[in-house]
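What follows is a set of structures for review.
After this come two complexes, each holding chain A, first together with chain B and then together with chain C.
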Partner chain A sequence: MAEKIGVYIDESSVAPLLNAEELAAYVKEKCGGACPIVKAHKRLSSPDGVAMIKADVDAGELDAVLICGTSPRVDWDVFTFGDKVLVDRVNLREFVTLSYKNPDGSSVAAGGPIPAELRSMVQDYLRMGVVKMQKMNRPNPELPETNRTILVLGGGFTGMNAALAAAGAGAEVILVEKSDKLGGRAAGLYKTFPMNYPYLEATDTGIDRLIGLVTGNSRIKVRLNTTLKLLAGAPAMYEATLASGGNEEKVPVGSVVLAAGWTPMETEALAPFGYGKFKNVVTSAEFEAMVKAGDIKRPSDGKEPKTVVFIQCVGSRDKSLDRPYCSGFCCMYTAKQAILTKDHIPDSQSYVFYMDIRSPGKMYDEFTRRAMEEYGARYIRGRVAMVYPKDGKMIVRGADTLAGTQVEVEADLVVLAAGAEAAKGAPQLAEKLRISYDKYGFFMESHPKLKPVETNTAGVYLAGSCQGPKDIPQSVGQGSAAAAKVLALFSKDMLESDPQISRVDIKRCVGCGKCIMTCPFKAIKEVEFRGQKKAEVIETVCQGCGICTSTCPQGAIQLSHFTDNQILAEVNALCQS
Partner chain B sequence: MPVLTGKELRIVGFLCNWCSYGGADTAGVGRFNQPTDLRIIRVPCSGRIDPLFIAKTLINGADGVLVSGCHPRDCHYAEGNFYARRRLEVLKRFLPILGIDPARFDYTWVSASEGQRWQKVVTVFTEQIHALGPATRHENVSPELLAKVASAIQGGNRVAA
Partner chain C sequence: MSRLDALKTRIKEALPGLECVIGWQKGYDALHNTPLFIRGEADVDKLEWGALNVHNPAVYLPSFAGKKVGVVVKGCDSRSVVELLQEKLIDRDNVVIFSAGCDGVVDIAKVRAKLAAAGLNAGNAEKVAVDGKTVTVTAAGKAVSMPMAEVAADKCLRCQFPNAVLADAFVGDPAPQVQAAPAADADLAALDAMSVPERMAFWRYHMDRCIRCYACRNACPMCVCRDHCIAQSREPHWLSQEDSVTEKLMFQVVHAMHLAGRCTECGECQRACPMDIPVLALKKHLNRTIHDLFDYQAGVDVAAIPPLLQFKLEEDNIKERSW
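Our next item is the complex of A and B:
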């Protein structure tokens, strides 16, 4: 309970309508007993203002600080005075001075008499703030020992880069890969579109070198043929159950980087183009494998194809398949494959049916142009209506929307640029980790701009195409970003938990388990206490929503800073005085 | 503080920190003209709001209670406002049993960017409460009886205020 509250009034938030000194006098008069220090300052969020409060805190005269001025949604990181001092805010700017207008809609003239409504409003908010603070409990953040091992799920390009970045900074990494080898999708690529200067030639993916670095790194333990079965616990103290073959093993880990990757779209999207029916219709992945093996041949008769038709956006940007999103990298790899075709078969001709060319990466557009201008790939803007065999060839009939005509191409080989889908089992994995996923199975980040690699589960981070289709450079970037976030989490010796978390009064708790069921974050677990079932909050997982508090029939679980007592005290301050 | 007799009524708003509180901030920053009857209590999530808070607020002398949270499917805590929606809908039907006009209570969804919507919500709700007039005060009721009522609402288990 806060007994010595310092009340600070921000003049810049209340002036010129209200006089900060007058407000301070009001607080002294009404709540002086609880508030030994009541001060006004020109601008509290300035270094000078913060220093003034800090001096009072350091003098040991306060156990709580009440900032009366701006909304608590702004400057929340400015007013922190260590874990011994409670801080709360009273919103006088947004809720009072900015929103107040005379009944006729005009603004209040500065310096004139203060309207009674305005005075009543500001005084109510000040009293509410003090009574709420009086009932606020001192924070008691528990600081668990940290386990700094990072569990990387997925041994593809993204996962390996995240593992290397983290290991490079000294972290221990366990790299878990579902299949029997590292490399992921990139291992199936012959070359990728350019990733280095001068960004003109398709380049080697570098995946073999990357695999070498990972397997040769003493800090990275690679676990092939392994999947995650369960993740329990809290950041810095997770316990991962890894399943391999018939064996299960429990491994303590500190955090998780999820790089589960993607999978090319399946046959249902490809069937309209004759895939599965005609041998000479192949997917880009199959074509890539041919190029990698060094012989591009028609599957039907083993002859070298002279005319190759690439069809883009197969399964992408297609509402009828419920895949309205753009897979992002197909434009680029199709251009690459057109170039590689010409490289391997100089007298060949490529056609590309496209909807739009989406090549927004660095020098990407130059690369696609090069496929057209230097390698002579013919780009036809339009959708393909049908693909059918005739005299040993595949006839690709489609529209050329730029010319406004129908086109028919006699192809030796048809390559379908299948779009990207979330990896198989991605939703199930997300549910094990208690993170969100969208309707297509891609994992959801905490915030698209502010927290692009964080998830709603503390200590679980996202990287690469499991979050949405990405090409290699983007995946590498995100893998490194996720590693940086994990390292930032572990940069402290001890992990601090947020003071706004729920706590269980073990005497009141009857062990009904309703809070465990309603908690969206699985932050409450059942424990045995002297032979009785009780709830216990995992403090580092609790996000402070308070749903458990309003669920508990006993009032036994209370959200710090927003306890029943505090909220009802605010109500009483308004209604009863 | 007695409300300004004849001019204002006492309306209490419970707003979730992430959406509606931000929406009210936005309305302030946008300097939208708002009635002055409402006082806002910040809660982390509309799911934090115990229906008993609202019953207690109305019995304690508030003339109206407004709850506002994130739009359904847009909760900062994933599903808090779904719990809120169920609880508050039940409460609204339960209020007549307590002898309270359910029109004195409403719940709504306002996002942090919807300052204009917040202005509208507050204005409409305040007008609605003004049309109902002041709530019956329990001034002639003995404090013992009031305490009994309060304890009955709280089921005897909840923390007393």
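Our next item is the complex of A and C:
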């Protein structure tokens, strides 16, 4: 129960719409009795802001600190002031100043008149924050034993590199792959575009060597044909339920690196180009398999194709298919495939229909130029309108937007550069791990620049194409980055568990077990207390979601940071202003 | 042997191993039966079976927790027993269920209205005879016959379970299935037809006469908060004692929400209400929603988990994602 609350208002979260000093005066006027210190600061999360709060805490005048400004999702690690004071957050930025819209849907213009509703919303949140804080109980953080095993999900290029990087630093790794072999998508490649000096030739992917390193590493336990069923717990004390065949096994792990990869676009995007209807229209993956087998043949009659047309951006950058994003690596692998075609069939001619050539990697543009200049691939800037068969050939009709003409190419073989999609089941996996994903199923990083491989679930990291389409070098880089972040997490001696969990009032509990049935994390167990059944929260597994509290008819189970009393106090503050 | 006699025989056999057997007996006048707690063989003969057994004896079961008891149930009451078992509020090993086919019970309020129409006061009822489809009440020396279909409880008009869904001793022939009368859900249909402000006005009008006696709560077999009911809790202080429609309606809404997917529509809340407030409609509406969403009916299958008492990542009928 906080009685001396220091209220700190972050000016950067409310400016320029509202004046932080005025808000501070408002809090002083309305809640001054409970809040001996009310201050505004330009930016609370700055070293200066934190030092200001810390000085007040050290002076011993406060038993609680209320940070009013940014979302509790951010800077939670900045606003920690020891166990003498309670800390809570009031989100004025995301809840009000950034999200407020005028009735006509427009945002509030800075410098213009400030709507009364916006001001009163901020004031309501401030009052609610103070009363919630007044009813807050002191948390009781546990310092449990930690587990530093790293669970890597996905045995592709990214996952294997992350596993090797972590194992190289001494960590124990469990590498889970849902298929029956390691290698992922790269295992299906014959060669990749160059990744080493002098960046001229298509090179071996190196996947076999990588698989050898992973399987030969004593710190990496590879689990094939295995999927993650459930992840419960908290960083450094997760319990992963791994499913393999019909068996399930619970494994303690410390953190998770997600490298779930990608999948090539489904055939619906390919159908307009005759895929599925005409045998001589194939995907780039099917063409790659032919090259890998050293056997480039027309599927219709088994003859060697002399004219090959590559169509790029199939299912990428296409709003009509709801795939507006660029798949990133198709430009490069198409150039590579054009080169490989010439290598294998010296008297062949390749055509590439493209929208733009996107080759921003190191020496990438040089490589695509080589395809044009040395291998004679003809690049035609324009989209293909239709593909149809005529006299045993495929006629590819499209626009040449540079020449401003229509072109028709008589092709023996048409190769569709299908774009990348999120792996099948990626959204379901994201929900199991409680991380965000975008509308295309790619996982969301915490912040594109500040936390590029972190997720919004502590201890869960991501790498590679599951976050968005990436080529091999980028994936390798991200895999290593994720490994480094996990190791940084484990470099601390002690990890504190989240005190925002449910607790059972044993006097009220009737032992009906409804909370046990509704808990998504299996964080509640039945115990016997003086001969009666009671529920008990497993504190390290509870995620504080609150489903049990809404299930319990007796109100016997309460979320420590959102007790009924706190919520009721907030509602009263809101309604009785 | 009549259903009643057969029940008595079975109860006598089982009684030595039981703390008591809950049933019905003759009440303070001919029109009313009242709950009976059979503790010795002499009590068995007080047992009644018929159209006046309006109460749901399942409501008493949780208070006998830890003791082995018997309970005599109608089909509808058996659903409450099943729901209590589903929610682990009672122990299957500690309850013995006696039952027989049920031909429906009367709604005393409807009988009272019929008698009033005949110029008689229900308080003077001397004799009640139920013969198949006709109920004959003798009051002040005058016999009034009324068709069972017109005085039966609403729930009986749409009864799906005239025979117990779960019984250890089911005696006699099963009762025939009832064809749902078209008027059975007239209360919901009337509320559906109202606009939102009209519906609010409807509830404000009815809740205005609530005396906050909480008979609805006490009669409800699924109302299990007991000592921690929001109506009395001061910590947290959900409801004030202010005599306002808002507070009264708040209780009914919370009660109904607590019963979503658990209520077996036994109708005891409405029957027990001394002010004749149609509180069952709130629960029926939520049950209809639960049925549409989850294709679930409470108190039919002991092994089933009520939909709001389990966690599923993906619900079958709620498509909140594209996959």
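Just so we're on the same page, the second predicted complex is superposed on the first by the 353 of 577 C-alpha atoms of A that agree within 3 Å, B and C clash if a C-alpha of one lies under 4 Å from a C-alpha of the other, contacts with A are read in each partner's own complex, and residues count from 1 in each chain.
Here, contacts are C-beta pairs under 8 Å (C-beta built on N, C-alpha and C of every residue); 3 or more make two chains touch, one makes a residue touch a chain.
Predicted model only: the values in this text are computed from it and were never measured.
J.: On the A-aligned overlay, A:565 touches which partner chain: chain B = first, chain C = second, or both, or neither?
T.: After superposition on chain A, A:565 lies in contact with both partners, chain B and chain C.
J.: Looking at chain A, does chain C or chain B touch more of its residues?
T.: B
J.: Between chain B and chain C, whom does A:124 touch in the aligned arrangement: first, second, both, or neither?
T.: The answer is first: A:124 touches chain B but not chain C.
J.: Please work out whether A:358 is in contact with chain B alone, chain C alone, both, or neither, and reply first, second, both or neither.
T.: Once the two structures are laid over each other on A, A:358 reaches no partner at all.
J.: What is the contact status of A:485 with respect to chain B (first) and chain C (second): first, second, both, or neither?
T.: In the superposition, A:485 touches no partner, neither chain B nor chain C.
J.: Give one of first, second, both or neither to describe whether A:100 is in contact with chain B, with chain C, with both, or with none.
T.: Touch partner of A:100: chain B, not chain C.
J.: Examine A:553 and indicate which partner it touches, taking first as chain B and second as chain C; both and neither are also allowed.
T.: both
J.: When the two structures are overlaid on chain A, which partner does A:520 contact: first (chain B), second (chain C), both, or neither?
T.: both
J.: According to the stated criteria, A:191 is in contact with first (chain B), second (chain C), both, or neither; which is it?
T.: Neither partner.
J.: Across the two complexes, find the residues of chain A that touch chain B and also touch chain C.
T.: Touching chain B in the first complex and chain C in the second, residues 518, 520, 547, 551, 553-555, 563-565, 568 of chain A appear in both lists.
J.: In their shared complex, at which residues does chain A touch chain C?
T.: Against chain C, the touching part of chain A is residues 427-428, 431-432, 508, 510-514, 517-520, 547, 551, 553-556, 563-565, 568.
J.: Using the touch definition from the top, list the residues of chain C that touch chain A in their complex.
T.: So the residues of chain C in touch with chain A come to 87-89, 224-226, 228, 230, 233, 235-238, 258, 305, 308-311, 313, 321, 323.
J.: In the complex formed with chain A, which residues of chain B make contact?
T.: Residues 1, 3-4, 7-8, 10, 12, 14, 17, 21-22, 24-25, 27-29, 31-34, 36, 39-45, 47-51, 53, 56-57, 60-62, 76-80, 83, 87, 155, 157-159, 161.
J.: For a test of understanding, state which residues of chain A touch chain B in their complex under the given definition.
T.: Of all residues in chain A, those touching chain B are 71-73, 91, 93-95, 98-101, 105, 116-118, 120-121, 123-125, 127-128, 436, 456, 500, 518, 520-521, 543-547, 549-551, 553-555, 558-559, 562-565, 567-572, 574-577.
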